[in-house]
Amino acid sequence: MSEDLLRIEGLRTVFRTHGGEVTAVDGVDLSVPRGRTLGIVGESGCGKSVLSLSIMRLVAHPGRIAAGRVLLEGRDLVGLSSAEMRQVRGSQVAMIFQEPMTSLNPVHTVGFQITEAMRAHDPRASATELRERAIEALNRVRIPSPDRRFDEYPHQLSGGMRQRVMIAMALACRPKLLIADEPTTALDVTVQAQILDLLRDLQAETGMSIILITHDLGVVAEMADEVAVMYAGRVVERAEAGAIFGDPMHPYTLGLLGSVPRLDEERETLLAIDGSVPPPFALPKGCRFHPRCPFAAAECKSDQPPLREVVSGHSAACLRAPVEAFAA
Amino acid sequence: QAANPRNTLVILREIDADNYDPPRSTARGAGEVIYMMSDTLVALDFDMQTVRPLLAERWEISPDGKTYTFHLRRDVTFCDGRPMTADDVVYSLNRFIDPATRSPVRWRAGPVKEIRARDQFTVEYELNEPFGELLFQLTLFFASIVDRNSVERLGQNFGVQGFNGTGPYCWASWTPRQEMVLTRHPTYNWGPSGVYQNPAPQVDRVVWRVTPESQTRLAALQTGQGDVTQYIPYIAIQQLRRQPNVRMSQQENYFWDHFMGFKVDKPVVSDPAVRRAINMAVNREAIVRATWFGAATPADAYLNPNVTGFDAEAARLVPRFDQAGAQRVLDEAGWRMGPDGIRVKDGQRATFLVYGIQTQAAQQYLQSMQADLRRIGLEMRIQMWDATVGWGRLATQEFDAFVMSYPYVTATDAFSLYFNSRNRPTPNRMNWNDPETDRALTEAQTSVDPAVRAAAIARAQRIVAENNVWFPVAREQLWVAASARTEGVRAHGIYGIALYKGLDIRLTR
Amino acid sequence: MSATTETEEPIAPPRPGVLARLIREPAAAVSLALVTLIIAAAVFAPLLAPTDPYDNDLSLAMQPPGSEGLPLGADAQGRDMITRLVYGLRVSLLMGFAAVLLGGGLGALLGFLAAFYHRWLDGPIMRLVDILLSFPAILVGLAIAAIFGPGIFSVVLALSVATVPLMARIVRGSAMVVMRLDYIEAARATGMTDARLIWKHLAPNCLSAIFVFATLRFGQVILLGSALSFLGLGAQPPVPELGAMASEGRNFLFFAPHIAVVPCVLIFIVVLAFNVLGDALRDALDPRLRV
Amino acid sequence: MLRHAIQRLILAIPVMFGVLLIGFLLMQVVPTDPATVRAGPTATPDVIAAIRADLGLDEPLYKQFALYVWRLLHGDLGSSIINNVPVSQELGATIGPTLELMFASLFWSIPLGILLGTLAGYWRGSLIDRTIMAISVAGVSVPVFFLGLVLIWFVGFQWQWLPFTGRAGPIWTLDGMLSLILPAVTLGGVFIGPVARMTRTAVLDVLSADHVRTARAKGLTERLVVMRHALRNALVPVITLIGLQIGFLLGGAVVTETVFSWPGVGRLAVGAILSSDFPMAQGTIIVLSMGFIVINLTVDVLYAALDPRIRGA
Amino acid sequence: MSETLLEVTGLAKHYPVRKGLIVAKQVGTVRAVDGVSFSVSRGETLALVGESGCGKSTTARLVLRLIEPSAGSIRFEGVDVTRITGAAQRAMRRRMQIVFQDPYASLNPRLTVAETIAEPMLVHGIGDAAARRKRVEELLSLVGLRAFHAQRYPHEFSGGQRQRIGIARALSVQPDLVVCDEPVSALDVSIQAQVVNLLKDLQRRFGLAYLFIAHDLAVVKHVADRVAVMYLGQIVEIGDKRSLFASPRHPYTRALLSAIPHPDPERRGQVKPLGGDLPSPLNPPPGCRFHTRCPFAQERCRREVPELRRLGPGHDAACHFAETLPPAGLDFTGGLSENAAKRLALYAKARAA
C-alpha cells in the first residue's frame, strides 16, 4: 500500500531494577501504514504496553529507551526535545488505555478533560468554542446527550461510556495515529463490540492509523489489517492478518491458536503451551520460546533467531519455520 | 528587638497568684502586687528591723502592751479618688480577722479584742494579751487597707476582677497566668519616708509579666524585654553581677530559709536516731552549692544568726556532716543494712516519703539528699506537687516529711508558727506536740520583759534542735536584677518580696 | 497426560526477604543498625553504664562534656551523663514499648473486630475511635496526669489511650482490604471458625501495616512522652527519662547546655532511627515496590 | 456541597457529645476533691461540705452531667475553683492567641510542606528528594521544646532579632506580629515534616496513576500535569491527613505556648490541670477537642470540594 | 450423570441501600440475584454466563452459603443447606469447595503451599499430620506441581501455578461440587488452556460436578455440559450446551453470541454490537429486564415479566416471543484454516512426544 506513517526500528526499552537492567522491549522493528490498523498480540508481560509507551516517549522512570528509532513520517521521535515531543503527543499520536476506570482524572469533569487536550494544542481557542468542539467530539463517539455529560464527572459514567470519553479525548486533535492499548480488555463482550465498532467507524471517517494492542486473538482478527505477535519483548511473527491466522509460522503463534477455545470447533482438550512466559529478568538464551517449544532443536538453545521473511510479506523469528519442514 | 515602651516597667516573674485580695492570699506572687496597689498602717525598713510610719503617721502603745493607737495621715486617697478614713482601716483589719474571710494567716493579727475608730483619723487596736510581734505583722500585706465599697461591690471577685487601694499604683487589668497591668496613682505622695527617698511613684505603667521558663526570663532581661526580676536562676546570679547591662542588688538582711520537717509521729522518722542520722548524713555544704551556686548559705542552724532571738547554743546542737557517724547512729539504734541497701529494723524498711512544692531548687536539693541518704541505707521517696494543689496536700497526714521555704521576721515569729502544738496539722506539719515548747513559746510572745522573752525563745530552740525535728537546708539570699535602663531598684525582701513599694524605680529610656 | 505436568521452572526469582530489601537502602540499613544498637544499649544499660544512675557526686555537677572521665559531662547532680542516658533510654524505650504494645494491641483488636464484624460493630467502634481521636495525645496526657498524678504510669496510660484510635483506624483500613480478598472467602468456605479465620488469615496479613505503624508510632510516643515530661507531667526525678532529663536540664540551658542538649539529641536520634526504619519498612513491605 | 457539609455536621454531633461526656467523666475520676481545693489549706469539714453543695457535687452524676450540658449550651462553663473567674471568660481571652499561633504556623508550614513534598515526590530518588526527606524526617523527630529553646537561644538571645516572651499584642499590630514569629516558626517547624512526607507519598501515588499518564499523552506541559492532575488529586489525601495531624499540632501548641509564655489555651490547660482547677481544665480540654472536631469538619467539607466522588454521594 | 446433586430454587439476594445519617432509611434494594433456579447433577458442569455485575459471583457465594440468601432454597443431595448450622454446616462445607478468579488474591501470602492445601483437612480433622503431608504431595502432583513446591510461598509462583494450588486446596477434602468463579478469566490464553484442561481432567477422574462461572462463551462452550445465561440477577436462558449454542432462544443470548469476535479474519465484520449498557440492579426495568436493549421488544415486554419456559428438551428461556423470533443468523462454521490445522496437528504430536 502507501508509504508507512510510522516506522519503528530496533527499538529497545530497558528498566533499571534492583536485580540489574531488564529489557522489556528488545529490538522491535514494526511499521504502520497510513489509514490501516496494526494489531499487536501477545501474552501478559511480553512488552506490548512498554512498546506503546515508548512510541509516546512516556516510559516512566526507571525505564528508558536504550536504542532504536521511532520514525513518524520520517521524523525520529526518540531524538525530539521534550517540548517538541509534547507537540506530537495528543495532536499527532494519541493514546487510549486499558483501564477506563482509572485513566480519567476523577476530580475534573469530562468536558474539562477533553477541552484540556484541545487547548494544549490550540491555546488561542475560546472557552465557548472549545466547549462546542468537545460536545461535538462526544457526539462523534456516540455518547447520548453530550451537553449534559460534558459537565459530569467520570464516576458518573459507565465503563463503556468512559472508554468512549477516552476515545473522544484522544481524537480531539485529530491525530494521525491512535495507539489503543487493550482498549476493551476491561469491558464486557457486548460493550467491547460497541467500542470496536466505533473505532472502525472513526478510522473510516478520519483515515487515521491505529495500533491496536490486545491479547485476544478474536479482536485482532476482527480489527487488524496487519498483525505482529510478540513474545518476551520481541516480535516473533509479522504478517497480514489473513496470513497470520491462515498460515501461522511461528510455533508460539501456533500454540496461541491452539490454546483458544473456539465457538466454531469442538475439541476434547485444548492444545496448551507448556510452562509459562519467562519473566524479563530470567530470559533463556537463544530463542526465547525454546523451553516451551515442542520443535526446539539444539541450535534454538544457542542462537537468537532473527525475524526473517519466510514467505513474501510474512516474517517469523524461528529457525525452524515453517515447522512441517522439520517435523520428522 | 523590641524594647518596652518608655515609662512602662516590665517586671518578670515565675508564677502568678490565684487572687489579689490581701487577706485571702498567702502567695508571695500576690504580695508583690498588693504592696504596690495598697498600703499598710506601718512599713518595714530595709534593715528588716525598723518599723516606719506609712498610713499611720504615728502610734502609741499602752503600757500593758495591749492597746495600740494609730494616728492616720489625712491626705490619703484611694485609687478612685475617695479619701481614706479610720473606717476603712477598721473595716479592712476586721475583715482580715473575720473567720468568714477564712484568711489562712489570721493569727498574724494577734489575739485581737477589738479594733475600733476613735475618730475619723484615729484607730484603736486592742488585744487580749500583749503581742510583741504586732507591728511587724502589720507591715505584712495581709493587713493592707482596702476600699470598703469596692470590696462589698465585688465580693468574691475583689482582687480578681478589680481592686481599690491607696498604693502607689492602681489596678488596670489582669490576665491570669499572663499579665497584670498597673498604672500610676496620680496623687500618691505618702510613700514611707525614711524607707524610700521619693514618696511618689516614678513610672507610669507597671506590667507584671509571668514568664515561667527561667532561661527565657534570663534572656528577656538581658535583651531588654523585661526590666526587673527577682526570679533569677541561681546559677546566673554570679554571672549577672559581672554583666555591664544588668544591675544587681542584694538584700543582706534577708530571712528566707529552706528546711525539711519530719512528722515525728510517723514510722521510721519518728525514731530520733533516724532524724539525727539524716542530719548527719547530708552534705549540706555540697548540696547548697550545687543547688544555689553561692546564692544561698548552708543553714547550720534553725534560724539565721542575724535574726532577733537567735540562740547560738541551740545552733551548736544541730549535728555536723559526718557520714560515718550517721551510720554509727543507725547501727546503734538497731537499723541493720538490708539486702537491697536499705536498712531494716523490726521488719520495717527505712524508707520515708517526702512531699514538696514543685520548685527547681527543691527538686535539685532533694535529689542530692536522696543520693546522700541512700549511702547510709535510708530510702527517701520524693513527691512534688504544683503549688496550687501542694498546699492542700501538705495539710494531710499522707507523708512522712516535707520540704518548705519560708520568710520570717523574728525567732519568735518563726518558731511560734511551726512548733506550737496548737498549729497542728498546719503549719505545724511535724505534729510537734511538746508542752515544754508550748510554754516557752507563749512566754516568748507575751512576756513584757525582753530578757525573759529572749530566754524563752532560746529554750524553745534548744528543745527542737535536740530532737532534730527539722533538717535545716539553706538560707536563701535575695537578689534583684534590673536592666540597664532601670534605676533605683533596691532589694527589700519583706515576705520574700523584693520590690516592696517600688517607689524609687525610674526608667532612663 | 500433558495437562498435569509442569515444566521445571521456578517462575519468580527467589525474592529477597524483607530484611535483605531493608538493608539495601543505606539509610534503612543505618537505621536498623541504630535501632538494634539503641535497644541493646537500653537492655544492657547496667553493663554499659560507668556508674550508678542514682549516685551523685556534687563536686562534678555540670562538668562539661570532655571533662576527665566524663565524655558527655555530668548533670546538675554530678551524675555521669552517659549513665543517665543509657538508663534514660531504658525508661523511655520501655515507656514507648509499653504504650505501643498496650494501645496498639487494643487498637488492633478493635480494628480487627470492626472490619470483621463490619455489619454490627463497625459503626459503634468507629464512633468510639472518632471520639478518642478528638482528644489529642497531649490532652489525654494532661487529663490522665490530673487523675493519677504525674509519673511514668500516667504517661504510659495516656500514650496508650492516644494510640488506640490511630491503630484501630490503621488496622481496620488494612483489614478491610484483606477482607475483600478471595483467600478470606476461601478460608471461610472450608468451614473454619471466625477466631481461626482472624488469627490465621486476617491478622497475619495486616501485620506489615501494624508493624510499620508501630515503628512510626514508637517514635512519636517517645516524643510525646518527652513533651509530657517537659510539661512536668511525666517521669519524676530522679528517674532518668530522656524527656524529663531534657526538661530538668533546660534550667541550665545557658550555662551547661549539654544537660538539656544531650538528651534532646538522643531523643532525636532514637525517634529518627525509628522513623527511618518505619519508612524503610513501609517501602520494603509495599507490594507495589516489590521486584 | 452544602448538603454534604450539613451531613458531616450532623455526624459530628454524637462525637461532640462523646467528647463532652468523656471530658466530664475524666474530671469525675480525679481523686482530688474540687471542694477541698477551693476551700484552701485551712478549711474545716463543714466549709468543705458547704462548698460541695454550692458546686452541686452532691447531686447524682447524671444530673451533674445534664446540668453541665445545659449550662454549656447557655455558654456557661462554670468558674475556676481557684479564683472564681468564669471559665468562658478565660477561654475567651486565651482562644484568640492560640488561634493566632495555630493559624500563623499553618499559614507558612502547610504551603511550604506541600511544596517540598511535591518537589520530593516529583524528583523521586534524586538528591532533592533525599535532602527534603532527610530534613522532614529530622523535622518529625525534633522535640518541639528543643526547637523552641534553640530558637530562643540563637534568634532571641544571641542575635537579639526577635522577641520571645509572651504576646506583645494582637497579630495586626507590629509588635504582636513580631512576637508571634518565633512561636509560629517553632510550631510550624515541626509540622512541615509530616506535611511534606504525606504530600510526597500522595504525589507519588498519583504520579503513577493512569490518569496522569493520560494527561501526559494529551501533550500537556509538565507543569500542568503536576499542578492540575497530580497535585490536585494528591491534595485530597493530604488534606485528610493534615486534619488528623491537627491533634499533633494542638499538642505542639501546648508545649510551644509554655516555652514562649504565649497566653493561649494550651498553657491555660496545663496550668489548670497542674493546679487541679477542674472546671477550667474541663473547659480547656473540651474547647481544644471541639476545635479539633471543627477543624476536621472543615477538612471533610474541603475534601468534598476537592473530590466530586464524595460530593455526589 | 442424572443424579441431582445441587438444586437451587428461587434463590435471591437483595442488598438494602440505606441512606440517612442517624437512622438509616432503606431507600432501595440492589437485586443482585433475584429468583434464580437451577440444578447441577453429579459429575456435570453447569456454566453460568453473563455480563459483569449480573450476579454470577453472588450466586456462587450463596450456593456456598458464604452469604445468607434473602429468599429461596438450596438443596444439596436433598438437604436444605440454608437451614443447617454448626457441625452439619461444617460437614456440608467439606462437600462443596470454591476456586476463585484472581490467582493473586485467592491464596494467603503468609501460608506455605502445604499449609494452604492442608488447611481444609485440618479444619475438618481429616487424618493426622503425616497423612495430610502425604495427601498434599498427592494433590500437588495431581495438579501438575512438584513435591518441592510444598514448602514455598504463593509469591514464588506464577498465576497459572497459583490457580493450580487453589484447585488443589479445593480438592483436598474430596468435594462433590466445586464452584469455580471465573477460574480462568485472569489468566493468559496459554495458561488458561492448561487450567481448563486440568479442570476437565480432574472432573473425569473424580466425577466432580462444577458450577462454572465465566463470561467467555467460547470457554463455556468448551467446558460446560449445560449453560445458564444470566441477565440482571435472573436466568434468562438455560439449556443443554449444544442446543443453546445451536439455537439460542433468548435475544440476550443471541446478542452475547454475536458480540464475540472470532479468531478468523475471514469472518470479520460479523460482530454485531448490542446497544446500551446494563441497567443498574438497584433500579431494574419493569417487565422483561432486557426490554431496554432488546431489538425485538414490544409493548408486552415493558409490562409483563416473562417466565422461564420449557422450549425444548432441557432448554428453557424467559422471553415472551422466544418461538417467533427470526433466525439467529449465527455462523459458527469454519474452524481453523487448513494450513493452520495441519501445523497444529504437528504441534500436538511434537508436544506429546
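Order of writing sets the labels: A, B, C, D and E. Residues in every chain begin at 1.
Keep in mind that, in the parts below, a residue touches a chain if its C-beta (ideal position, glycine included) is under 8 Å from a C-beta of that chain, and two chains touch if they have at least 3 such contacts.
Which chain is which protein? Per UniProt: A = ABC transporter ATP-binding protein; C, D = ABC transporter permease; E = Dipeptide ABC transporter ATP-binding protein.
Note that the structure is predicted; figures quoted are calculated from it, not measured.
Participant: Can you list every chain in contact with both subunit B and subunit C (ABC transporter permease)?
Facilitator: Neighbours common to subunit B and subunit C (ABC transporter permease) are D.
Participant: For this structure, I'd like the pair of chains sharing the most C-beta contacts.
Facilitator: A-E
Participant: Using Cα averages as centroids, what's the distance between subunit C (ABC transporter permease) and subunit D (ABC transporter permease) in whole Å?
Facilitator: Once rounded, the distance between the two centres reads 23 Å.
Participant: Can you compute the centre-to-centre distance for subunit A and subunit E, using the mean CA position of each chain? Integer Å is fine.
Facilitator: 30
Participant: Using mean C-alpha positions as chain centres, tell me how far subunit D (ABC transporter permease) is from subunit E in Å, no decimals.
Facilitator: From the centre of subunit D (ABC transporter permease) to the centre of subunit E is 54 Å.
Participant: Between subunit C (ABC transporter permease) and subunit E, what is the gap in Å from one C-alpha centre to the other?
Facilitator: Computed value for the inter-centroid distance: 48 Å.
Participant: Touching at least two other chains at once: which residues of subunit A meet that condition?
Facilitator: 269, 272, 274, 276
Participant: Multi-chain contacts only, two chains or more: what residues does subunit D (ABC transporter permease) have there?
Facilitator: 14, 149, 153, 157, 208, 258, 274, 276 - these are the residues of subunit D (ABC transporter permease) that touch more than one other chain.
Participant: Using the touch rule from the top of the page, what residues of subunit B touch 2 or more other chains?
Facilitator: Counting only residues that touch two or more other chains, subunit B contributes 213, 215, 219, 386.
Participant: Spell out the residues on subunit A that touch subunit E in their complex, using ranges where they run on.
Facilitator: Per the touch definition, subunit A meets subunit E at residues 43-44, 158, 160-161, 188-194, 196-197, 215-224, 241-242, 245-248, 251, 254-274, 276-277, 294-295, 322-324, 327.
Participant: Which part of subunit C (ABC transporter permease) faces subunit B closely enough to touch in the complex?
Facilitator: My answer: residues 54-56, 58-59, 61, 76-78, 232, 236-238, 248, 250-255.
Participant: Touching subunit E in the complex: which residues of subunit C (ABC transporter permease)?
Facilitator: Touching subunit E from subunit C (ABC transporter permease) are residues 1-6, 8, 10-12, 14-15, 181-183, 185-192, 196, 200-201, 204-205, 207, 290.
Participant: Of all residues in subunit D (ABC transporter permease), which touch subunit C (ABC transporter permease) in the complex?
Facilitator: 14-15, 18-19, 22, 26-27, 29-31, 134, 137-138, 140-146, 149, 153, 157, 208, 244, 246-248, 250-252, 254-255, 258, 269-270, 273-274, 276, 281, 285, 288-290, 292-293
Participant: Considering the complex alone, what residue numbers of subunit D (ABC transporter permease) touch subunit B?
Facilitator: 32, 36-37, 39-43, 47, 82-85, 90, 93, 149, 152-153, 156-157, 160-166, 168, 175, 178-179, 258-261, 263, 267-268, 271, 274-277
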